[in-house]
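We just call them A, B, C and D in the order they show up, numbering each chain from 1.
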């Protein structure tokens, strides 16, 4: 690929504005931390947030110029307009990659593409998470150690109500007793979707290099290829002779 | 299982009323042909149709008493009320099996559960279909031959825009040159979903014993089990000691 | 199924003879504990052990009368004769179910059917294991709680070098910090294979009701169906006209 | 990747020597046709053949310098030495990609890595094959049309006795009435395995640009990444405190 992959880093961006303690962790918003890591890795990055404009920063033009979209949301999933969700879903089906982060599991866009509630257990005491690689041949774990230790994180526990992943890449262990499928791949139409479990807004998870590396690898994996041109249509005349 | 599995056979049921030539094939509606086959196989069967009442025959009570729902629709997908689609989807996620038949690929309920457009190619010249077993160990092909030949059918061709099936059981060959993934399994929540490609309304496909056998097998496969009780909730106190 | 499913419970059976402390846990061998649980659940059960005869109790006749074989081995994998391994593999490919237990991960038969080393991490300090259900719709977890807690077990940790399971049903958490894919399903030919992680010979794991229930459910799931008759042969004359 | 991917194109190479009509199609052996296509696409290519030396051209040194191995064999599978098969399998498990071509389905290396007989139906009348893309988002179909038409090919028909592919990419239609899973992906250890159905030795299939493109794409897909360093070992001391 000669041109850099174009990533739009989407962030709800409200916790950082309304909660002093979150602002301390991400003074410029977590989208800038994620975006900077991607930019340093050579991607062409733009950010977008819920309250940026009346399209949540996701105009048709922006999406048309986006190869991969990352999505973090939490307290305001319901505020995201249905028409923007439809627009994003349509772009994924046409080939845009989608990386859903942490509490984005409950976003409208993720639930729509999965067809399930995407519900789970949770606990917020800042316990240790160990994310283990269960598919070391997958491009999303390129260059990583066999486990990523995050000292303080929110717990997410099974049952995670998702369709069985096409590829399961990472499984998390939590100090308090739970496990979670933390790195999951699916296709939807031409688009690739990756769910990645960390990071809760109150911890500096997205500053951690290994976490950034997973997102970088996922963005490369999810970037569109030169897709076969698929025709969806009535074929009135058979391509082979029918007697 | 001591009690018979309760199947509700849902049919749009309009072609049979509005098209003389379809009525000749299915004078009592295709739901009764499918339903009779299931009843003979020992299921407890009820039928429901789009225009039966203002809930399309799918009241809360009916769905609560349904273990497996089969769905055939074609010309009136848009007439199915969104609230009924939500109701059916909720029941599938709670464990009701769903068998989507033929043109039901474009139904609201199937597209909602898949998260994709479920689009495909098609041609209606009554050509021969050969449906080959590609997973002979699967309960859905129990007792079948290695191929099911249907003399006259509508063609459906790839690309079928669905999520990769968890289990692919049947692949069709069409005389005119196309192939199709004709028997596909997925889970959604606690529910099992099976898509089965045949039969177009203008051909007597649902009278064919092998086609009936697939539906019978699928209904057994999709019937709810005694599911583990899943809790989806905040777990404030860890189950293991966290230092 | 009118006749009971016929299960052969195979056990290496050496630890129980050579180690006093293991004999205390399983005085009649673990095969009898597993076998009794299956017999009480209505299966027709026979047991077989490595040193029983020069075919390890797995004659052609025994295998021909076996619907599902369970396999536990550990210290003497290398003693199992290659010709018996070939015989068992052939029967699995013809449709016999195979349930591989715990240290059976390194058995010749499992590695042969998987095509991978089936290696893993391990630690034997008797720590707590929590086995979480990640696919609650699967027949193998019928009637179980959402987690199975085993107070004292050997740890097995990822990376477990297996092919990606067709269906992943259970994931284990270990007190000491690891996770493991503990309930994994595959097909091989007509046969179904289930790997189930517990139980180490020095703990009374196979007495635990929930562990027994998994094995019972797996034996039902893995039992042969009336398979489609597959032909593997030269087809000199096309079934369709080729111009 | 700065350095070119190193591909070793392995060919049994006997048909070309013993059959005049095959030599006419591939005067320098099919390995050179495949190898030239890969070299033009920028890979670093070497070829190796069964009778080249007493290691079939697959010395430890050659394999150590091979990122991806392609394998075509047919009449002399049994001649391939078991120790070389073990050597190749070990390298795949360590991360070397493997592309198995056409009649390589019956090779020792493919059957060993699959754990199944890899049997199928066949017919050799030079009928038309249409290979349809069923996963247009997969890197292996990058830049291809939605179907690849091969005017004259040997037929391979289902049931193809393989483990369910992790990803199914291509499905073939044959004029004479059969279908086949023609492009199939699996992982084995760190290595990626791709089975690709065409081409029979008596047809000029490997000269066809689209067929070459699939092999080129597959070689990129199967090339090793910087794998996480996996430890497989006894972990005597827990990484987390165990009370």
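By our rule, a residue touches a chain if its C-beta (ideal position, glycine included) is under 8 Å from a C-beta of that chain, and two chains touch if they have at least 3 such contacts.
Quick caveat, the model's predicted, so the values are computed rather than measured.
A.B. asks: What's the overlap between the neighbours of chain B and those of chain D?
C.D. replies: Of all the chains present, those in contact with both chain B and chain D are A, C.
A.B. asks: Name the chain whose C-alpha centroid is most distant from the C-alpha centroid of chain A.
C.D. replies: Most remote chain from chain A, centroid-wise, comes out as C.
A.B. asks: Can you give the whole-Å distance between the Cα centres of chain A and chain B?
C.D. replies: 31
A.B. asks: Taking each chain's centre as the mean position of its Cα atoms, how many Å separate chain A from chain C?
C.D. replies: Spacing between the chain centres: roughly 37 Å.
A.B. asks: Which chain A residues sit where two or more other chains touch them?
C.D. replies: 130, 133, 135-136, 146, 157, 159, 164, 166-167, 175, 177-178, 187, 189, 230-231, 239-240
A.B. asks: Which residues of chain B touch chain C in the complex?
C.D. replies: It comes out as residues 95, 128, 130, 133, 135-137, 139, 141-146, 166-167, 175, 187, 189-192, 225-231, 239-240.
A.B. asks: For chain B, which residues count as touching chain A in their complex?
C.D. replies: These residues of chain B touch chain A: 93, 112-117, 119-123, 125, 127, 155, 157, 159, 161, 163-164, 166, 175-178, 186-189, 230-240, 242.
A.B. asks: Of all residues in chain D, which touch chain B in the complex?
C.D. replies: By the definition above, chain D touches chain B via 130, 132-136, 146, 157-160, 164, 167-168, 171-174, 177-179, 181, 241, 243.
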